[in-house]
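Both complexes below contain chain A, partnered by chain B and then by chain C.
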Partner chain A sequence: MIAISGMSFRYKSRQPVLDNLTFNMEAGGVYGILGANGVGKTTLLHLIGGLLFPKSGQISVDGHAPRYRSPAFLEQVFYVPVDFDLPSIKVGVYQKRYAPFYPKFNPEAWSNALQTFGIQPDMRLQALSFGQRKKVLLSFALASGCRILLFDEPTDGLDIPSKDSFRRLLSAQIDEQRLAVITTHHVHDVAMLLDQLIILQEHRLLLQASIADLAENIRTVTSTQLPPEKSLLYSERVPGGYHCLLRNTEGQEGPLDLELLFKALQISPEIVQNTLR
Partner chain B sequence: MEFQTQTAIWMQIAQQIATRIMSGEWAPGERIPSVRELAAEVQVNPNTVVRSVTFLQEAGIIINQRGVGYFVAEDGVAKAREMRKKAFSDEMLPVFFQTIDQLGIQWDELKSWYHQYQNNLKQ
Partner chain C sequence: MKNAFNFQRFLRVLRLSWQTQPVLPYIVLVAGIPIMYLILSMEARSPFVTLRSDNPFLVFNAYFWICGWLYAGLIYSELEKTGTATRYLMIPASNLERWLAKSLLAVLVFPLITWLTFNLAFKGFEILSLRWFAFRYPAIDWLSGDMFISFFIFYLTLPAAYASGLTWKRFGILKGFIFVFVLFIILYQFIQAGYEQFPYDSGWGVLLQEVNLPFLEKNSNAATQTNVNLFWLLAAYVPSLLMLASTYFFIREKEI
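Moving on to the complex of A and B:
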């Protein structure tokens, strides 16, 4: 559904923000994009959404080149940025004004999401807190009917119960026709929604894998003692002992803590070559 | 060496559905909630729940009626108990045995604790 080939991007005369990326994203998937600050996660979302254009290489989104921003492309893509401005109008008016751009917009899903988040249609957007405005935009995205949903730090600004609501609402919107891409530093907030993982490191693609494939090869355990060295990939101290990333030699799938995996790969990126390929 | 091994999320969900079938929440022959409903309930990707129900189907605990949904098998309760028992012996018992060996706990000691536990339940 999204095909990226040899794509690079740089701002004027600077080092590349994204360097020679090649990967595909398929419909039906929920992709998590992880990477350190400044590694190019948001830039990648902007390139997918047609807000930035590649300096070299190709990107195709649902058969469209995003740079042309054709109506057929724009009506299928919704992007929730980490920070944004909304017009000074009422929540209900926002829907009336913007929903016509999205032919598959679902008013029922919109009302349901707003209600779940505790937002009333007669509230004024300019009077809402950042978190509340985020809830409005997330509600709109989840009701947009778009086949491609892009979320940059979707849980940023949400209070604790609203993170549950977001997960529940997004879970209900996942289907085989649709692709969701989520960048985040708060891995635990969205980990159980992801079925594909993309990790960027030093402006390049370090890892793309399905969570199921990863779980076949590695697992995490909490142990009072350090496990034997040959299976141990990474460990850190926790109150109960050690939180460890292990080679999965038992053939049985265990839990996988993506945050621990991310930390391990920051320190030892060679784990990808040695264990995951 | 002592591991607190936990199981994969899809397996935890399968165990949980089996537990709910054993408790009679869904009777034999009754339809269980859809994959989509179950996924939203615990806020996971629906594909994760697909793995759980596929596993339960292969274990004969639920039956798929194409286009209608999943139903509790006639002998689903017994099979759910079987599955939970296997998970208990595979996952919890090794940790339990490791711990009693490490602490030097005797069977008699265990027995008296178990009786105490049962008495507490009665009160």
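Moving on to the complex of A and C:
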């Protein structure tokens, strides 16, 4: 659905933000993109959405080249940016104004999402808090009927119950035809949603793996003592013991802490990658 | 590109562009009404001054030009900020439809609104003023030669304001005005220098005498004058239209 091949991008007279990226994303899944600040996560979403153009390499989204921003492409892609802007109109007016551009817009899904988030259609967007406005935009994205949903820090500004609501609403929307891409620093907020993980480091692809594959090979444990070095990939001290990332030699699928995995990859990427191989 | 223009979608984009158009030009449009009234009534009140019949024409021009330029310069203001630019560029419409919708508003719709507002305001001035003093200005002849020249120059300069607002993120119209002003001074100096440098009877001298800036004195016959007008049509209007057309490519290549 999204095919990226040898793609590089840099802003004017700067170092490359993304360097020679190659990977695919398939429909029917939720992809999480992790990376340190400035590694190019938002830039990658902008490139997928056609808001930036690659300096070299190819990018194809559902058969379209995003840089042309064709109507057929834009009808299938909805982007929820971290730095968003909504006009100063009522929530219901926003829907009436923008929904006609999306042929598969689902008014029921819109009403349902608004209700779930506790937003009334007669509320003025200008009078809402950042988090409430974000809920409006997320509701619209989920109801848009677009096959590709791009979320940049979707849980930023949401309260704890709303994060849970977002997870439930997104899970209900993703089917075999649709794809969601989420970039986040708050990995715990969306960890339950993710099917695939993409980790960027130093502007390159460090890891792409399914959560199922990761859980098959790696597991997380918290213990009072350090486990044997043979199975230990990474550990950090926590109150009362150690939080450890271990090789899953026993084939037991256990909880996988993606934040711990991310930290492990930052420090010793080879060890983790070899384990996955 | 396939599916670059769809009339239904264009109407949707036009409606959206209308709904999200800048507010400031409308504030100026309304704020200009009492200012126009003050300017026109000041002369109308005085018993010692003979009313100048071209006053409404001059006031109309100032009103029409200022509002028109402002609107054209601000119509792409949503591209100034990342948030609004993202919203605008992600709307499912072609670049051609976006450009056409904005251009239609800036070139036709808003100037028409300004013209109507002026006429309504002028009627209002007449009704208001009859009670205290006679608002004895003659009606503006909208089909006069002067009015034609006014509209001609307005539409000659409008693309500069339109393109400036798109080219420069902040104070686009101001920067565009300075740019055009500097360009004009250079052109003027160039022609003046040419007058001094080339003898009148040389080829260049004759050319510079005949093909001068429109406001410079002309002593040509009608046929030469027609050629000069044609020259200006090509030398000024074609680049102006090209500038308008180039804004389409600017939108097409716009990144956030």
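One rule holds in what follows: the second predicted complex is superposed on the first by the 274 of 277 C-alpha atoms of A that agree within 3 Å, B and C clash if a C-alpha of one lies under 4 Å from a C-alpha of the other, contacts with A are read in each partner's own complex, and residues count from 1 in each chain.
By definition in this document, contacts are C-beta pairs under 8 Å (C-beta built on N, C-alpha and C of every residue); 3 or more make two chains touch, one makes a residue touch a chain.
The model shown is predicted, which means the values in this text are computed figures rather than measured ones.
When the two structures are aligned on the shared chain, A:Glu236 is found in touch with neither chain B nor chain C. In the overlay built on the shared chain, the residue A:Asp213 is in contact with neither chain B nor chain C.
After overlaying the two complexes on the shared chain, residue contacts for A:Glu26 are found with neither chain B nor chain C.
Of the two partner chains, chain B is the only one touched by A:Ala172; chain C is not. Touch criterion met: A:Asp85 reaches chain C, while chain B stays clear of it. Residue contacts after overlaying the shared chain place A:Glu75 against chain C, while chain B stays out of touching range. Judged by the touch definition given at the top, the superposed model places A:Glu253 against chain B, while chain C stays out of reach. Of the two partner chains, chain C is the only one touched by A:His46; chain B is not.
For chain C in complex with chain A, the touching residues are 1-3, 6, 9, 12, 16, 19-20, 81-84, 86-87, 89-95, 97, 255-256.
Here chain A touches chain B in the complex through residues 28, 30, 164, 167-168, 171-172, 174-175, 192-195, 212, 215, 221-225, 227-228, 240, 253-256, going by the rule given at the top. Per the touch definition, chain A reaches chain C in the complex via residues 46, 49-53, 68-72, 74-75, 77-79, 81, 83-87, 97-98, 100-102. Listed in rising order, the residues of chain B touching chain A in the complex are 1-11, 36, 39-48, 51.
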